[in-house]
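Two complexes follow with subunit A in common, the first pairing it with subunit B and the second with subunit C.
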Partner chain A sequence: MIEVSGLVKRYGSVTAIEGVTFSVGSGEVFGLLGPNGAGKTTTMRIICCVIPPDAGSVVVAGVDALRDPSRAKQSIGYLPEVPSVYSRLTVRENLEFFARLYGVPGGEAEPRVSRLLRFFSLEERADQLASRLSKGLRQRLAIARALVHDPPVLLLDEPTSGLDPISAREVRDLVVRVAREEGKTVLLSTHNLFEAEQVCDRVAIIRRTILAVGRPRELAERASIRVPVRVALANPSEGLVRVALSVQGVTSAKLESGELVAELEGDPDSVVPELSAALVAAGAKILSIRRTSSLEEAFISVVRGGPRVRSRSVGGGGRGPDVNTGTAEMSGEGVVRA
Partner chain B sequence: MIRWSRVLCVLTKDWREFSRSGWLVGTALALTVYFGVVLPAIIVFGARISGGAVVPISIPVRLGDLPLPAAPEGLDEVARSVYAAFSLIVPPLFLVIPLAVSTVMAADSFAGERERGTIEVLLAAPLTERELFLAKALASLTPGVAASWGAFALMALATNLMSADMFGGWWFPSGPEWYVVVALVSPLYAFLAISLIVLASSRARSAREAQQASAILVAPILAAVFGQVLGGFAIGLEHLLISAAVLAGLDAGLVALAPGRFFSGVRYMRVD
Partner chain C sequence: MRGIWALLGEELRLSAQRAVWTAAALSFFGMAGVAALKMLPELLPEGAVLPVEMTASEAVRGYVRTLYQIGSLVSVMLGMDVVSGEVEGGTLEPLLSAPVSVGSVFLAKLAARLAALAAGVAASAAVTWCYAVSVFGPTDLARTLAASAYALLPISSGALCAAGASALCRSQSSSALLGAAATLGLFAASRVGPRWLTPFGRAELAYEILDGGLGGLARPIVETSLALLILLAADLAALLAAERMERWWG
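This part shows the complex of A and B:
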C-alpha cells in the first residue's frame, strides 16, 4: 500500500534522511520508530506530499506521489504532530469542511460525518466549538478528520505526543480499532517504544536511514537481547535467587537493593509468569515486577550501533498477531503489578 | 486549472472563522461605523461650530480657502469647508478601512494558520498552492471591501442627512473621484496589503508580527492627506486612475512572488 524507496532530503547542508526505504502492506499498522531528529516527520511529510524529496520515490495506493500528488493525497489521511483542527469551528463543521475539501459528494458527506462522530464518541460534542475540547478529544477529532474522506492509508505523526496517559491510551485504542475495523493501512511515527510495541504489527527503526525493520518481538530476538526484570520482594533472600536461576529462560539473577534482578532470554511474556509462579511457590512475597521492553533494548542496541539487527525483509508484511493495548506510559517501560 | 469548488470551500471556512472572532468582527464593525457615521459627524458639526475651520488651529489653512475643482457655486464658508474635507481629507483616509480590515483578516488567515499549525493539513489536502492562495486572499479581501462599501453607503446617508441644508439638497458623493476610490483604488490597495502580509507570513512567528508588515502602507495615505491639506498638491480623477493602474501592476507582481515565498516558508518551517 505504501512503497518508499531511496528517499533523500537535505535542508541546506543538513541531511535529514538518506536512502530511506521501506514498504507497508495493506491493512498493516507500521511504526516509524526513532529518537528526536531522526527524520520521522520529514519522511511522513514527503509521503503525504507536503515537501518534495531530493531523491527517491513514493508510491501510495498504486499512485506515484511525486508525479501525481493530487491523486496520491486523495488516498491519504494525515495527522500532523501539531493538533490540526480549527478551534473556531464546531466538531461537526471541522469534519464537514474536510469532507467538502476532499470532494466527498454531498449525499455521502453527512452520513459519513455522523458515523465518524459515533465511532469516535464525539456525538454529544458535535455542535461544540473545537476550542472547548480537551487535548485528548481534539486529537480524537483530528483522527476522525483524517478519515473523513475514507482514505485507505492513514499517516499519524506522533499521535499521542503531549497527551496524558489516559488520553494516550484512548488514542492507541482508536488507532488499533481503525486499522482492524475500518481496514486502514496505518503508518505512525513515534519515539514511544511501549506504544510501538503495543500498536504496531511491524516497526522500522530510523535514524536518518532505516536501521532495522521487523515485528517488535523479532527485532529483540534478532538482536539477541537479554531483557532485565526487577522483582521487588518483601522477603529477599539468596534462596529465591537460586529459585529464579532454576527457571528456564532466566540467564542470570542477583539481589540488588532488596530487589531480585534477573536477565531473561527468549520471549519475556512467557518467562515472566513462570518466574513469578516459581518465586511465589518458594514463599516469595512479590511487591511488583518491572521489566523494560524488549523492543526498547533492541532499539537502544540498534541506535547505538550495538548488535546489528538486519531486517529479513523490507517488504510489506501481513497483519500480525492481535495486539493488546497497554496501561503503562513510561517511555517503553512496562509495569506488572503482582 | 483552478477548481473553484475547492477555492470556495476554503474561502467559506475562513469567513466562518472570521465571523466567530470577536476581535476581527469588532475591527470591521468599528471602522465601518467610525468612517460611516462618526467621521462625517465630526466634520459637519465641527465645521458648523467653528465656522469653517475643521482642521487644527495650528495649521494656518482654512479648508474652504483651498482650490476646489468642481465645487458648487455659491457655497458659504462652512459648506465650502465641509465640501473640502470630503473631497481632500476623507478619500485618502477612506483607504484605511479595507487596509485595516483586510490585513487583520489576512494575518489571521495566513500567519495565523501557520502559527496554529493547521496549514499543514491544508498542504496535505488535494489543493494546489494557487488555489489555496486565491481562496485565502479572496477571503481576506472581501470583508475589507464589504466594510468599505458599507461605510461608504453609511457615510453618504449620514453626510447628506447632516448637511443637506448647507447644500440645498443631497450632494454626497461630491464627484466621480469617490467612485474610483471606493470601487477601484481601495480594493487594489487592500490587495497590496494582503500580498505584503503573505510575504511577511512566510517568516513571521505570529499573526500580529505579520500584520506589522502592512504598516508601511499607512505612509502614502498620510502623505496624500497632508499634501493636499497643506496645499502641496490636489489629487484629481486622472491621478486616481494612474494610482489604480500602478497598484494593479504592483499587485500583479506581488501575486507572482508572494505565494511561492509563503508556501516555501511554511513547508520548511521545521526540520526534525
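This part shows the complex of A and C:
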C-alpha cells in the first residue's frame, strides 16, 4: 500500500533523511520509531506530499505521489504532529470543511461526518467550537478529519505526543480500531516504544536512515538483547540466585538491595514465567517482577549501534531470509539497513 | 479546482464578520471626521477664517482622506494572516495534505479578505454619507460611493502587501509589520517616483470624482489596477519562493 524507496531530504548542509526505504502492506499498522530529529516527520511530510524529497520515490495505493500528488493525496489521511484544527469552526464544521476540500459529494459527506462523530464519540460536542475541546478531544477530531474522505492510508505523526496517559490510551485504542474495523493501512511515527509495541504490526527504527525493520518482538530477538528483570523478594538469598541461574534463558543473576536482578536472553515472555515458577518452587516469596520493554532495549541497541543484530540478509546474502518484507539487510556495523 | 471553491466558500462565510468589523472601524473614523468638522468653528478663536467649507461634500472629502489612512491600515490587518495565520495555527500542514495547492489557499483567502474590505468600505461610505447629510445638508451619494470605490483600489495594496509578507513570515505580527512597511513604502514611492509605479500614484482621483470630474477616468483606473496586478504577481513570487525554501515548516 505504501512503497518508499531511497528517500533523501537535505536542508542546506544538514541531511534530514538519507536512503529511507520501507514498504507497508495493506491493512498493516506500521510504526516509524526514532529519537527526536531522526527524520520521522520529514518522512511523513514527504509521503503526504507536503514537502518534496531531494531524491527517491513514494508510491501510495499504486499512485506515484511525486508525479501525481493530487491523486495520491486522495488516498491519504494525514494527522500532523500538532493536532491543529480550526478553532473558529465547530467540530462538525471542521469535518464538513475538509470533506468539501477533498471533494466528497454533498450527499455522502453528511452521513460520513455523522458516522465519524459517532465512531470517535464526538457526537455530543458536534456543535461546540473546536477551541473549547481538550487536547485529547482535539486529537480525536484531527484523526476523524484525516478519515473524512475515507482514505485507505492513514499517516499519524506522533498521535499521542503531549497527551495525558488516559487520552493517549484512548487514541491508541482508536488507532487499533481504525485499522481493524475500517481496514485502513496505518503508518504512525512515534518515539514511544510502549506505543509501538502495543499498536504496531511492524516497526522500522529510523535515524536519518532505516536501521532495522521487523515485528517488535523479532527486533528484540535479532538484537541479541539481554533484558534486565528485577524480582523483588520478601526472602532474598544466594540460593535463589543459583535457582535463577539454572533457568534456561537467564544469563546472569545477582542480588541488589533485596532484589534479584536477572538478565534474560531470548523471548522474555517465555523466560519470565519459567523464572518465577522456579523461584516459587524454591520457596521464594515474590513481591513484584519488573522488566523493561524488550523493544526499548532493541531500540537503544540499534540506535546506538550496540550489540550485533542477528539479521538475515536478503536473497543470496548467505544468512537466510529476512523476517521483514525483504527490504533490510545486515550492515557491517551490526545494524540492519534498508 | 474544487478545493479552491471550498476554500473560497469557507473564507467568504468567515469574512462576513471581518466585513462588519471593517465597516464599524471605518464608519467610526468617518463619522468622527464629520463630527470634528461640525465642531471646528467652536474650536477656532473668534473671528478666525475657517480653513475648509462647512459642507457635506467637504465632510465626505474628509472621509475619503480617512479611507486612505485608516483604510490602508485596516487592509494590512486583513491581509496579515493569509498564510502566517495558518502557519501559526498549525493548520497549513493538514490543509496542504489535502488536494489543494498553496497558491489556491492564498488566492481564496486573499479574495475573501478583499471582498470583506470592499463590503466594509461600501457600508462605511453609506453610513458616513448619511451622517454628513444629516449634519450639513445634501450631497451626492453616487459620487461618494464612486470615490470610495476608487479609493478601494489603492487601499487594497495594504492587504496585498501584508498577504505577501505573510507568506514570508511565520507570525502574523511580523507579517503586519512588514506589510505596513511595504504599504508605507508604496505610498512614499507615489510621491517621488512615476505615478503609475504604485497603486497610490493616482490617489487624488477619488477627490476629482467627488468634485464631479468624471471624464478621463479610464486610464488612471487601468494604471492603478495594473499596479495592483504587479503587486499580486510579486505576492505569488514570494509565495513560491517561501514554498521552495520550505519556510513554513519547523
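Assume the second predicted complex is superposed on the first by the 305 of 338 C-alpha atoms of A that agree within 3 Å, B and C clash if a C-alpha of one lies under 4 Å from a C-alpha of the other, contacts with A are read in each partner's own complex, and residues count from 1 in each chain.
We adopt the following convention: contacts are C-beta pairs under 8 Å (C-beta built on N, C-alpha and C of every residue); 3 or more make two chains touch, one makes a residue touch a chain.
Being a predicted model, the structure only gives us computed values, none of them experimental.
S.K.: After the alignment on subunit A, I want to confirm one thing: do subunit B and subunit C clash, or do they fit together?
M.R.: After superposition on subunit A, subunit B vs subunit C: clash.
S.K.: Count the residues of subunit A touched by subunit B and by subunit C, then name the partner with the higher count.
M.R.: Of subunit B and subunit C, B contacts more residues of subunit A.
S.K.: With the two structures laid over each other on chain A, which partner does A:A55 touch: subunit B (first), subunit C (second), both, or neither?
M.R.: The answer is neither, since A:A55 touches no partner chain.
S.K.: According to the stated criteria, A:V280 is in contact with first (subunit B), second (subunit C), both, or neither; which is it?
M.R.: neither
S.K.: May I ask you to decide whether A:L245 touches subunit B, subunit C, both, or neither, giving the answer as first, second, both or neither?
M.R.: Neither partner.
S.K.: Mind working out whether A:G37 is in touch with subunit B, subunit C, both or neither, as first, second, both or neither?
M.R.: first
S.K.: Does subunit B (first) or subunit C (second) touch A:K73, or do both, or does neither?
M.R.: both
S.K.: Based on the superposed arrangement, let me know which partner A:R88 touches: subunit B (first), subunit C (second), both, or neither?
M.R.: After superposition on chain A, A:R88 lies in contact with both partners, subunit B and subunit C.
S.K.: Would you tell me the residues on subunit A in contact with subunit B in one complex that are also in contact with subunit C in the other?
M.R.: 11, 45, 48-51, 70, 73-74, 76, 78, 80, 82, 84-88, 97-98, 100-103, 145
S.K.: Provide the residue numbers of subunit A that touch subunit C in the complex, in ascending order.
M.R.: 11, 45, 48-51, 69-70, 73-74, 76, 78-80, 82, 84-88, 97-98, 100-103, 142, 145-146
S.K.: Give the list of subunit B residues in touch with subunit A in this complex.
M.R.: These residues of subunit B touch subunit A: 5-6, 9-10, 13, 16-17, 20-21, 116-118, 120-121, 123-128, 267-268, 270-272.
S.K.: Considering the complex alone, what residue numbers of subunit A touch subunit B?
M.R.: 11, 14, 16, 36-42, 45, 48-51, 70-71, 73-74, 76, 78, 80, 82-89, 93, 97-98, 100-103, 129, 145
S.K.: What residues of subunit C sit close enough to touch subunit A in their complex?
M.R.: 2-3, 6-7, 9-10, 14, 89-91, 93-100, 246, 249
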